[in-house]
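Working notes, structure below.
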Amino acid sequence: MSMIESHLLSWVIFLPLIGVGLLLLLPRRNDRMARNIAFVILVLDFLLSLKLVIGFEPTAALQFVERKTWVATYGIDYHVAIDGISLWLVMLTTFLGPLIVLSTWSAVTERVREFMIFFLVLQTAMMGTFCAQDLVLFYIFWESVLLPMALMIGIWGGARRIYASVKFVLYTMVGSVLMLGAIFYLYHQTGGFSLAGVRAVNLSPLQQAWLFGAFTVAFAVKVPLFPVHTWLPDAHVEAPTAGSVVLAGVMLKMGTYGLIRFSIPLFPLAAAKYAPWLAVLAVIGIVYGALVAMVQRDVKKLVAYSSVSHLGFVVLGLFAMTSESVVGAMYVMLAHGLATGALFLLVGVIYERRHTRAIKDFGGLAHVMPLFTVAFMIATLASVGLPGMSGFIGEFLVLLGSFKSSSLPAARIFAAVGATGVILGAVYMLWMVQRVFFGRCDNPDNQGLRDLNLREICVLVPLMILMFVMGVFPKPWISTMQPSVDALLERHVERVEAHVAPDLRTVWLSREEEQR
Amino acid sequence: MQGLFFYLFGTVAVISALLTITRRDPVTSAFWLIFCFLNVAALFATLSAHLIAVLQILIYAGAIMVFFLFVTMFLGKEKRSAERPNPVVFGVGVLTVGAIAGGLMRLVRSGSHDFGEVGPEHGTIEAVSRLLLSNYLFAFELTGLLLTVAMVGAVLLARREAKGARATRTPAGAPSGPAGVEEVADA
Amino acid sequence: MPDLQSLGDNLQVGLEHYLTLSVMLFSIGTLGVIFRRNVLVMFMSVELMLTSVNISLVAFSRYLDDLNGHVLVLFVLAVAAAEAGVGLAILVEIFKKRDTVDVDEFRQLME
Amino acid sequence: MHESTEILRWIVALPLIGAALNGFLNRRLPEAVVSAIGIGSVAVSFGLALKAFFLLRALPAEGRILHDFVYQWIPVGDLQVDVGFTLDPLSGAMLLLVTGVGLLIHIYSSGYMHSDGGFGRYFAYLNLFVFSMLILITADNLLLLFVGWEGVGLCSYLLIGFWFHEIANSAAGKKAFIVNRIGDFGFLIGIFVIVRALMGHVDEGANILAFSTMAEHADLLAPVATLAGLLLFVGATGKSAQIPLFVWLPDAMAGPTPVSALIHAATMVTAGVYMMARMSFLYDLTPVALSVVAVVGALTALFAATIGLAQTDIKKVLAYSTVSQLGYMFLACGVGAYGVGIFHVLTHAFFKALLFLGAGSVIHGMHHEQDMRQMGGLRKYMPLTFMTMMAATLAIAGIFPFAGFFSKDEILYKAWLQSPALWLVGFLAAGLTAFYMARLMAMTFFGECRAPDETKRHLHESPWSMVGPLVVLGILSLVGGWMGWPEFLGGSNAIHHWFAPVFEHGAAHGVAATEVVHLVEGGAAEGGHSVALEWTLAFLSLGWAALGLFGGFFVYLKRPDLPGRAQQWVSGIPHRLIENKYFVDEIYDAVIVWPIHRLSETFLWRVVDAGIIDGLMVNGVGRFVGLVGQLLRLVQNGLLRWYAYSFATGVLVIVIYVARHYTG
């Protein structure tokens, strides 16, 4: 056990790969065994990650650090660690893992073994992305997420799955190729790939601008930020339920995590300079995502566009650069993972039974599936940000933080427009809920539908409980995030003020006075 | 004297080369080409490259061109009239080749270099062969191999041609691709 | 014929003359390859191009007083011979098939 | 300066426990057990509330605050928000109101909702509503108040759309939630403005949004007071159905009648008034916001009263009456008389809840017939309902001994002091109120019964579980006003003293306080002249109300043809106008809903998303690459001589490069 103890984080990251090994040894056609192995491994992984939480002290320092030189000649080393920011994203991954696998019991029927293998690889890749502290290691994990996800969409997807998966891969690839170029340039500048190294050398504002642009484009595609979001609805609609949940639940957070871990701290000057532009895109994303979601005919597309809207809040929060807004952004990431994850699971449940996602095919489901309706209602309310549930805390903090942010010009307008997302959210979700659940149940196919079975309930209940707990008692989450976020912001402000070109400084100071 | 010979043989070589590529009948062009090679051999002589001059006549004029004539005869007369390619394509082609020539000429004219004196045995068979069999021994052997392979190839092609006359069985399990491939395999 | 003698003396010929000749022959050969439709003539043009190269080689070896050029010419000769042999053999085969020597007919690669 | 106690958290938690029990076990419990849980939890909560109330009374006047800190909710940067409950005279009164009236309505519901499929679900939602309302009232900071604020919005959504098999009901629920959300948007921005103003100056660890902290640092809020006040008022108009966000309340009648009584008459809709009273220290700083509130309140009162005249559905009449009465409350707050506003909240809760429950028992008797034109002469069949509703009608009209007189008259008096124009608008609305209430009573209980005889045979008084609460509320409608017996009539105006400590700080600032220093304290000269003024105003409004009542009865009993002729005389336009609610809904649809839908449907989704971004940029790049591929393919055309030529061009390039490079 001591061996696991000392390398806990690596164990948590690479445990799923052991599962992959076991699955490979499996005789050909044994689906049940494949599912069980995957489930057990992921539950084990979750329990192991609980040790991370228990062992984590709420300070800004990097913890559970593991560093071994990997490619000595180029200074690439296997450097893995977590702090307040990445801890809960890792936990979100390990928490959703087993639930997602459990939800595929009756959903994925053919080639189960391969599906599980891809899913376990995906889990490792995502966790690796959140923990990597070395640019090359980060890039490897970042890219290795693409393959399993693309195959999951491509093989087990819906009608236009090939188009969707190719689009998904190409979209992300274009972005991350820019990042790769930037990484090489950084190596050229700093001689190494470690984050600390890059932070140490002060780059000229022009260099920072270009590098910031490259990194941010790669992350913006993943978020997805407004103009580059069109892959998300297709990917979601065509992906199998489990694929959608992991895509919305965790993979979108990789983009925003990238922003907070790489784009802002590594290039503070450029981040400060372009923050208003990205905040504008974020706010457009919020309103645009909500409006387009309102008119969707396909439930899954509606929820996909709602993700665009929710993550617009995250980006707004990140670039408002106040401690409330960044903590709020982190919180929205977690809450969105739960709420949208649950919504996709529920859509999966109804899709399994009715094999359609068009809203007009449903109606009056509340009569036939009361339990399902209650679960859907709870998930809707969490996603709409009802106070007392997880969504509200995040959105409130983001809007509050951006309202009083000094890094955004006219911060009040940003927050006000962003807050309209709160109304629009209620509009499209409740309108969809009304068309799907209420009214008469006259469609004959809907009359015979079974309500949730025990397995589906076991998948959803943990999510529901967490939605309430995170809404009513957010302290444990916030207190662990707070120190890391504050440290990051202080370093950011200090570096910007140290480097800042005179004009920005005067603008910065004048805005401080106006604040007083 | 050497200059005189150069201009004499040079111009004749160029004219015969031009005639080679312009004659309609391949046989006449072959003859003109042979004549061109003879002139070139003469030029080699003016450059005191005696071995090369002889070889030029022996191999090029003698062996290769004879082979050409043989094949030309073997294939029979092509009555096709060599109509002129359309002017645009012709123009572009000539332009490109002219440009190449112009470029090369810029290089060539970049300085005037006169031939210095050269030892008596320069270009003789002993000197060349001594050099050949010392530094380039390996290359020499390879050339031999190359020629053998070429010969075997030519023989093989010819033999199958002879075999073609009798009904040949197509090898079992050959991929039944589109008709075109089948047809080639038979030949 | 005294002027012939004097003509011969003052007609000094340098390296660049031979190279010019080589370029001219090379260009003619290239034109032959590009414009003649009969494969045989194309082969001949190729041979012509090779000879022009030989001329420049010999000219340079004469100028540099170094026999390497000659050795290279030998190899060129060998290659030319081999190429002519195999080329014509193939040509015969194709002729058996298409009984034409017009190069534009052989467009099977295109489909 | 405040007493910390554990009792408040139990008062709040009990209904939640009731809701949870009923919620999880609703299918498996018999109706009796469900109603026992539902009613029981509210009853115990009411008992505890009484105990807390008396505990509060025992405290000295200044220190009348009970505080109950539960835990720290959001500890982020400068923002420290806790979950804590306070009970001061204001929230004490509201607490009693919510739990008391809530209890009566729960009892009434057990009768009304008897043998309805979703009995358990109904009580779960009702308990959840009481829980949220209690949070709203007892919250010690603005954010927790906001949690309760949206919680009641959610419960009203659930309860309006309770009978969800009718798509119209759930649509009404959705409309209510969304309009509330629009109001809450303003509320949220208001909170941000306040936090931004206070941030940085409040000592670390203090709960910025706590009412006590905000009151202390009121001077800091001065610059943003108007903006914050107006924004919070936007939230209040959403929740308390004032112009322009009142459209959801009439549709909310789609829910069961006890729901309308509890939520859309007594408690939820008054949340806006309570919030303004709670934030009185802010509103006192901004006369601009106050005047806006007063004007909106007065206009809403008149506007809604006119619509009430022409409604034929009994619940719609009461709904518009509620909107109108809420207008009065906001008028009171607008003129700085928060205490009077809350007093009217209390009295209004009594008689309006009674009216709704009475209407409920009428509908129950008439087998879910809500159209007054099908009713008439029901006083013979439902005497008790008739008598209690008559008491409520007298109360709402403002006839002397009944509750309405004291609170409405006080409001009109305060309005007169602020500006006679406001008083006039209020005065006119009071007349219309009396008139449409008389119309309602005449059409329902008097004249011959127009119901189809099949329903006539089944007409009977409602069971005791329904009539009991009616009687209690009837008594309250009569007695309820006496706690505010004004001085000039020799009363002690107890309610005013009870609220004084909460609103006194307003006077201390002396900004907008128009509190009349009442006679007993020997106020300035202006006090003397006001007694005569009070007498005249009281008589005027009493007479006007009586006239309204008499007019109503006369028109709709003696001369039923008169309304028809009146319509022709006025060429029917005004009548059709008010009958269709000034077409407000249709205007909103045309101006807001339809354009947004059109914008996002055709433009945003089709053109921008599918068209420009996806079509042009993404797939466009794909097609472009394909095109280039096609072009390149032409190069491989199988012509040997073409290949030769391409060799030549290759050589040319090399030659050019070498020539240029080496000649120099």
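Per-chain residue numbering starts at 1, and chain names A, B, C and D are given in the order in which the chains are listed.
The rule is simple: a contact is a pair of C-beta atoms (placed from the backbone, for glycine too) under 8 Å apart; a residue touches a chain by one contact, two chains touch by 3 or more.
These numbers were taken from a predicted model, which means no experiment stands behind them.
Relative to the whole-protein C-alpha centroid, the nearest chain centroid is that of A.
Centroid analysis (C-alpha atoms only) places D farthest from chain B. For the pair chain A and chain D, the distance between C-alpha centroids works out to 37 Å. Between chain A and chain C, the centres computed from C-alpha atoms are 69 Å apart. Here the spacing of chain C and chain D, counted between their Cα centres, is 101 Å. In chain C, the residues that touch at least two other chains are 30, 34-35, 37, 108.
Across the assembly, chain B contributes 93, 97, 100, 104 as residues in contact with two or more other chains.
Residues of chain D in contact with at least two other chains: 645, 648. Remark: chain D residues 636-641, 644-645, 648 touch chain C in the complex. Residue ranges of chain B in contact with chain C, taken from their complex: 1-4, 6-7, 10, 13-14, 17-18, 20-21, 26, 29-30, 33, 36-37, 40, 43-44, 47-49, 51-52, 55-56, 59-60, 63-64, 67-68, 71-72, 74-75, 78, 80, 82, 85, 90, 93-94, 97-98, 100-101, 104-105, 108-109, 111-116, 118-119, 122-123, 127-128, 131-132, 135-136, 139, 143, 146-147, 149-151, 153-154, 157-158, 161, 164, 180, 187. Only residues 93, 96-97, 99-100, 103-104, 106-107, 110 of chain B touch chain D when the two sit together in their complex. Residue ranges on chain C touching chain B, taken from their complex, read 4-5, 7-9, 11-21, 23-32, 34-38, 40-41, 43-45, 47-48, 51, 54-55, 58-59, 61-63, 65, 67-68, 70-71, 73-75, 77-86, 88-93, 95-97, 100-102, 108, 111.
Against chain B, in their complex, chain D makes its touches with residues 645, 648-649, 651-652, 655-656, 658-659, 662-663.
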